[in-house]
Amino acid sequence: MPEKKLIEVREIRDDPREAISDVVPEDIRHEIKKLKPAEVWPSQGQAPYRQLLPGIFQVPADWLIAWGRKSSLWPLTFGLACCAIEMISSFMARHDLDRFGIVPWASPRQADVMIVSGTVTKKMAPAVKLLYEQMPYPKWVISMGACATNGGPYTRYDRVLQGVDKVIPVDVYVPGCPPRPEALMDAFLALQKKIMEERGKIGR
Amino acid sequence: MAQEPSQETTATGPALGPLAGLFQEALSGVQMTAEQTAIDVAITVRREDLLQVMKTAKEDERLAFDFLRCLSGVDHLDELEVVYHLYSYKLGHSAAVKVRCPPDDPHLPTVSHLWQTANWHEREAAELFGFIFDGHPDLRPLLTEEGLGYYILRKTHPLAEIEEWQEDYLKAAEEKGGE
Amino acid sequence: MATEYRVPHEKELETIDVNVNVGPQHPATHGVFRMILTVDGEQVVDLYPVIGYMHRGAEKLSENCDYRQAIGYQDRTEYLGQFNAEFCYVQAVEKLAGIQPPERAEYIRVILTELNRIASHQMFVGAFGTDIGLFGTSFMYSFRDREVIQDLFEAVTGERMMYAYFRPGGVAWDVPEDFRERCREVVAVVRRGIDDIDGLMTENDVIIARCRGLSPVTPEDAINWGLTGPMLRATGLKHDLRRAEPYSIYDRFEFDIPTGTQGDVYDRYLVRVGEMRQSLRIAEQALEQMPEGPIMAEGLKRTLRVPEGEVYVRNETPRGEYGIYLVSKGGDKPYRLKIRSPAFCSLSALKAMSVGTYVADTIINLGSFDIVLGEVDR
Amino acid sequence: MIADNPWVDGLARMGIIAVAIPLAVIVLTYVERKVLGRLQMRLGPMRVGPYGTLQSVADTIKLLTKEDLRPQTADRWTFELAPFVVVMPVFLAFVTLPFTADLFVRNLELGLFFIVAVSGVSIVGFVMAGWGSDNKYALLGGARAAAQLISYEIPLVMAVLAVAMFGQSLNLVELVEGQGRVPFVVWQPLAFLIFLVAGLAELYRQPFDIPVAESEVVGGPLVEYSGIRWSMFQMAEVANMVLISVLASLLFLGGWNWPLGEEVGAGLQVVLIFVKTSMFILVFMWLRGTLPRLRIDQMMAFCWQVLLPFAFLQIIINGWVLVYGWPDWVLGVLSGMAALAAGYLTYRMAWRAAEPVLPRLHRVGSVP
């Protein structure tokens, strides 16, 4: 019965229009499970590798690993609004964040830093949170511009989230509307400083 | 090259452009009022006549409005208004058609079958002002989430309150942690 | 080409379509646009666009601002062609309030607007090249020139992006003394830069093989779908608001309107590159004609009060017809401000233009729209 | 010979290879970023170490200490083993690859055959990664990778076969020694071009980066991988680039020979092979910076409609020349003419006014 089979095919196919009803569709909302046991990573103020290394190697290992992490911060390609243009500018030839070893990656799995560049609306917030959760540890967040920090000029509108820190933890706030590329660069340097200061403890 | 369109006048001296007359000619049986805005002629029609007016505006030889520029909703508190800005690539003239409806019965006929671009414009107006465009193929919200329950761009909807600053949050968290 | 329909054989391998979610975070969506592709292998059979991830109420907030304060929201709405949006807004206020800006202000506005158009198209060229697979090289080349333009804007307005420099009645302050010389330098640099982009992309065989003949559009369809600007001109219709309904002082300049032939992706690209050259011509002419004199209309109050009325002002911005529908009921705040955004209207045609192409084609098709999400969602 | 015992000797040589490949990958990653930076009018890495030389070291440290995620819905073993399946063939192929006349692990009699056979395995790894990730992008990318890598394997093998026919051997050292002063590229330019293009496609780099296209499928099969597993894919890619470059310089550019003399000292041999290999690597990087991506159907059409027929043509020409004992220059002329024809055909294909792509809604299995 070929006709019947045709209808079956139609039924199996999930209608994209139905998937819209929720903010985040089912097909990108799978649970993320860490490979390591959950109690290893969020250790008590200590990075997990410290529990494996003998004491004498811990200090150099802290320094080396923190140095590696701060020297290759890969941000997530994630333009939200106007600030995204300045973010792109800072990756371009004039400002060239690649000098610091900062190259953008499109997949959250390979990213270390999330630059929230622009207004986060309430419709977008679940997606931002999901992207943050998809990033592997250790991970950092830079809130770029006034909109991401507290809503900026749009803070009094109904559908705008008043600051991305209501959804995900933020490490560095960059002021400005939009911040100049130099300001973003400064944020990266501040983040590098923070990583060096937090060495041995990262593994939140 | 071309000079400013002849119907253009300053806001101080509104002289009715020739388009108003064309509308009267083409739609003889329809009750309408014409006024001159700063650039275009604006025709106000009743909502029962809207579909006929739009159909004529698109298909009549003298009007030939083949392009719907913009569709805006306006909340006049006592009435809701939809303004259709039309343009004719063929004849190079433009006009606005206005239609009003009461806020508690915001039903209007759709024009998305005449101009496909009206599809999204009507969806947007419907979700932000609460219009119901009868005959629209898919009137679900476009810009906001579904099931919001209120219409943001209506004048009665207030702006959001500014939430507490993060500093306050941090202080509160510290106090909690300290206790 | 529609393949002939046949009923699948009983034992034939049965296939189902897969939904692929693209966005809101995806390198090819230029922001926070999302589309759900239903693909049959590599071919797109259905597409559902989702917008509104950046709906942040520029219209509502402008209605609660002073007439001059609302300029800032125009910048942030059209964040690639900021001057274009500001221009449209201040014209709307001027039309309603009956203000006539002085000559010099008009010329400054035209020069900056045209340079801003180039900057926006540079962004398009860069993003388009990345969509099509260039490893950032097109971006680097176009941003080299974009930075030069932005430097000029910074010297004039003090900001790199959100200028808020045009005011109802003129411009905020006069341009620097060496404006003419700097502008000429910028024009020369940008002209060389466009030649570089030509060499990198326009005659690239791979780009031609990818883009030519991809999702062509007829003028009738384009008008029906509400496409404006370069998208419309690519179909061969010679329609530019700067010519068709000349606003400001655009009737004083000589420029051509670049058009395509069949409205495909390659034509849209070519039209934009052609427009960059025309904008340079306009800017050069305006520089030569620019008079000395006041830059602000006289007799303006500190708080601008606009008489009752309404106006729909439309400008030709990099993406097409940008319209401001401004309703005033007297007082110092706009009663209603509606932004007719060109990218919003073009995007509504995305489904019709993409169904039947390959996944990779859909991506560059979307890239050729040159959407700005701030303007789509407002 | 490093040691007298063949086992100790072999293990020592393998150890050198196992250390040298990751080191070469680290260096090449840095070089690639620098070269691409220069192509794009910027500096590239500058801050980490002098002139950014420690950049890839820092990247490696970071990737090794990064969390290794696996999506909950992923197919566990397929997902976790895929990087190894991709990396292992590359290391295996290096086992028989001679760098100079006596710098190799083992010189197999069927060395060329071994390399071709082993490097075909990595396709399985991509399909595993694409399937196991439970991600639509990865699935699309895996399917694309399977289609592309299998298709381009055939012209690659054909080009290699042409060389083996002409060189009368499958032993790489013998093939290189047989070239002497005049490298094979002079006699078989067509095979050289086909090898280069197919090799580029095997590396899935621009313009053939369709499986991992960033603006379409966001890294394809690699999209769900993080940390060390992802870096294994990267290592496989760069090591593969070295493999193809070394192979190209061995098979077509005469390896450690040069036109100026028959007897080449060991030091000069290393320099020669290094220069020739670097040349190919730089060409690959240059192409990456300047060429956009092809569409999948164009890429497949190019393989099956241009590369494969011309590869067969090269083999037929070789057969004529060998059977009838014609002089070598006939082969060179015929192959050169065929190469020009192939180039012209490719040019025509690109410039041909494409037919408008019309919506094709009626498909097999859809409701009419």
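Residue numbering begins at 1 within each chain, and the chains themselves are lettered A, B, C and D in the order written.
What we mean here is this: a contact is a pair of C-beta atoms (placed from the backbone, for glycine too) under 8 Å apart; a residue touches a chain by one contact, two chains touch by 3 or more.
Predicted, not measured: the structure shown is a model, and the values here were computed from it.
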Taking each chain's C-alpha mean as its centre, the one farthest from chain C: D
B-C against C-D, pair bridged by the larger set of C-beta contacts: C-D
Rounded Å distance between chain B and chain C, as computed from the means of their C-alpha atoms: 22
Between chain B and chain A, distance of the C-alpha-averaged centres to the nearest whole Å: 39
Centre-to-centre distance between chain D and chain A (centres being mean Cα positions), rounded to whole Å: 33
Multi-chain contact sites of chain A, meaning residues that touch two or more partners: 6, 9, 20, 27, 92-93, 106, 123, 156-160
For chain B, residues that touch 2 or more chains besides their own: 144, 152, 159
Residue list for chain D, restricted to those that touch at least two other chains: 40-42, 136, 214-215, 218, 365-366
Touching pairs among all chains present in the structure: A-B, A-C, A-D, B-C, C-D
Chain B contact footprint on chain C (complex, rising order): 51-52, 55, 57, 59-61, 64, 95-98, 223-226, 237, 239, 243-246, 251, 307, 309-314, 321, 323, 325, 327, 335-336, 338, 340, 344-345, 347-349, 352, 377-378
Of all residues in chain C, those that touch chain D in their complex: 1-6, 8, 14-15, 18-21, 26-28, 39-43, 45, 129-137, 140-141, 144, 200, 204-210, 212-216, 262, 264, 355-361, 363
Chain B to chain C touching residues, read off their complex: 1-5, 10-12, 37-40, 42, 66-70, 72-75, 83, 85, 89, 92, 94, 96, 115-117, 119-121, 124, 141-144, 152-153, 159
Residue ranges of chain A touching chain C (in the complex, touch as defined): 2-3, 5-6, 9, 12-14, 16-17, 19-20, 25, 27-28, 76-82, 84-86, 88-89, 92-94, 106, 108, 118-119, 121, 123-124, 127, 131, 147, 153-154, 156-160, 177-178, 180
In the complex with chain A, residue positions of chain B that touch it: 140, 144-146, 152, 157, 159-163, 165-166
